[in-house]
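Step one of this worksheet: look at the structure below.
Each chain carries a letter (A, B, C and D) given by its place in the written order, and its residues are counted from 1.
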């Protein structure tokens, strides 16, 4: 099988999951709102959550794109691993809404945990997908770039632990936990803009 | 006509149907929920239903992908058969929500039946699509792999009966019926991971 | 510009518009429904409306596909005409829901008219798109098939009138009007399955 | 990295954002509406808002398409700039609903401002994306058309200011502001249909 159809399907899921995020913002402003301006300002966590999740899904898309440049062919197991990965990514809009809605209320801790555990699961699936393909060069191109392959491995391994750490911070301060999710996305963009290619 | 645009359209429907499943989970947690943590735990059937349907749609996508590797060209009848197939697949989010919402209530049997009948219809359409293309090698590539063609035929034929059986179990036990839907997906992934290519 | 990116965008809109139709069915069954089985039977017009609109959008996708096989290049005006066409197609889920919800009630006539006028607008945009591309062979391939080009022109011209006729029937009988929309889709599939290629 | 996967992802976001607009129209007609015909006429601003936003997103898609024809390769920074751009475009359905719902009420000014600021942000991101790629020919094709490159630069620079102006008009007259958004889209289509290629 060729990798191109996997890319079409994956790009579809990435694009839809990212674009559906706006429904969460939309649902925060009911039709019979009192003062629209106040309401639009009051829901500022929704905008921030929208931006963080959109950029995070965008980063995942860039990563997937980057992995696929090193892949020569796909097999059933790799396709199923990708389905598991996409299952996690398509889940992101749900905890995003929870965080946007509850970060200022009693549900802040549980919302931050839900977001973090979704990210941990996603990071684990990125590792499963990548190491299945790369161990013993199983699915890699014959001319796969050794430096890129090692670089991906090194950057994926700490992913689940970083998000687990950020999630557990929610037991102390849900706000700090959510700021860490934001910081992870911002740092990733800055770092790979400076040093990536 | 070339098969590539059919793949783009089909991949779009597969990706959207799978990604829309999260809206069902989302709708289970109203904005004014009491205790968010309790609520997130209480809706566990939604997570399971999400995962089963996402993986089931993913399996169907892999199957469609696999069929298309053997197809040389498409004609109008084949396109219409595919539209019928995609019509069934795009329907899946609806019975998925019914199962998630009703499996612990009075509507369990009807929800399990709705899910099962959708799967039966989908499996029938997979057969219609495949046998239209493969009988007398109508649309197959000249170098289509005989073993693969026979393998697809053999694996598609029992599909509707398996799902019909699982659906009818709902008259005895809706929970058992739903566990069978889960088992079918898991077995398929395990089996074709071990023996597929 | 090459036509391929127009196809990607158009296929996206076709696939999403078709897949969103299931949200209309879903919205007909509230979470706190009394008897689920009765409710699932009671909403049968939703299933029919879903199927008719899905197949109709599918037919439009096949037509668009068919037109594009004759197109060599695209210009800005052709892209804008396509955006107008896709605007109409993306609108279809709305009147579909109206018909499903109101065909047995006081709003039957208005729902049937809304559906019909959407189809008239879509058929007009198909003509605009096609004749802009085909008059004086403006955007056609040098080796465009004369018989196919004439065939498309002949089949597109009556489209708006047929749907206008079916829409106006709603003033006498909304049900008859809706049955005509169904008949148009069925006849198209049957006819082009028998005589198309 | 090759630009083609960026196009697939971007086309997905464009197509979904445009197609989701119909959900805003749909939400304006509740299921238990009194007189359906009156209700369908009463929500006319929704149709206009739908058309303006659909065409505006379509114009953005044409522009993105046009930029990409001049691009030879993409790097991480360009991908992230595109994610920022798509984040703005996927946001459009939200202010579109606000305008449709509030333009005749007390929230008219705030809705018009929300729409305008979204467009300003989108126009800024178009500039960021384009000038990152084109300054010093960083990512342009070796044979990029000098006239096209200069033309894009010249047409993008005033974009944010034009939309800022139209937005600020909302402090005097929200209706005039919204009519300007409409006029910008119409003028763009007419102008580039006449002089574009």
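We adopt the following convention: a residue touches a chain if its C-beta (ideal position, glycine included) is under 8 Å from a C-beta of that chain, and two chains touch if they have at least 3 such contacts.
The model shown is predicted, which means the values in this text are computed figures rather than measured ones.
The chain with its C-alpha centre at the largest distance from the centre of chain A is C.
Where the sister copies chain C and chain D meet, the same residue numbers recur on both sides for under half of the interface positions. Centres computed as Cα averages put chain A at a distance of 36 Å from chain C. Taking the mean of the C-alpha atoms as each chain's centre, chain A and chain D sit 25 Å apart.
In chain A, the residues touching two or more other chains are 8, 12, 16, 20, 23. The touching residues of chain B, when paired with chain C in their complex, are 1, 5, 8-9, 12-13, 16-17, 20, 23, 27, 75-77, 79-80, 83-84, 86-87, 90-91, 93-94, 97-98, 101-102, 106-107, 109-111, 114. On the side of chain D, the complex with chain C involves touching residues 7-8, 11-12, 14-16, 18-23, 25-26, 29, 31, 33, 35-37, 40, 50-51, 54-55, 58-59, 61-62, 65-66, 68-69, 189, 192-193, 196-197.
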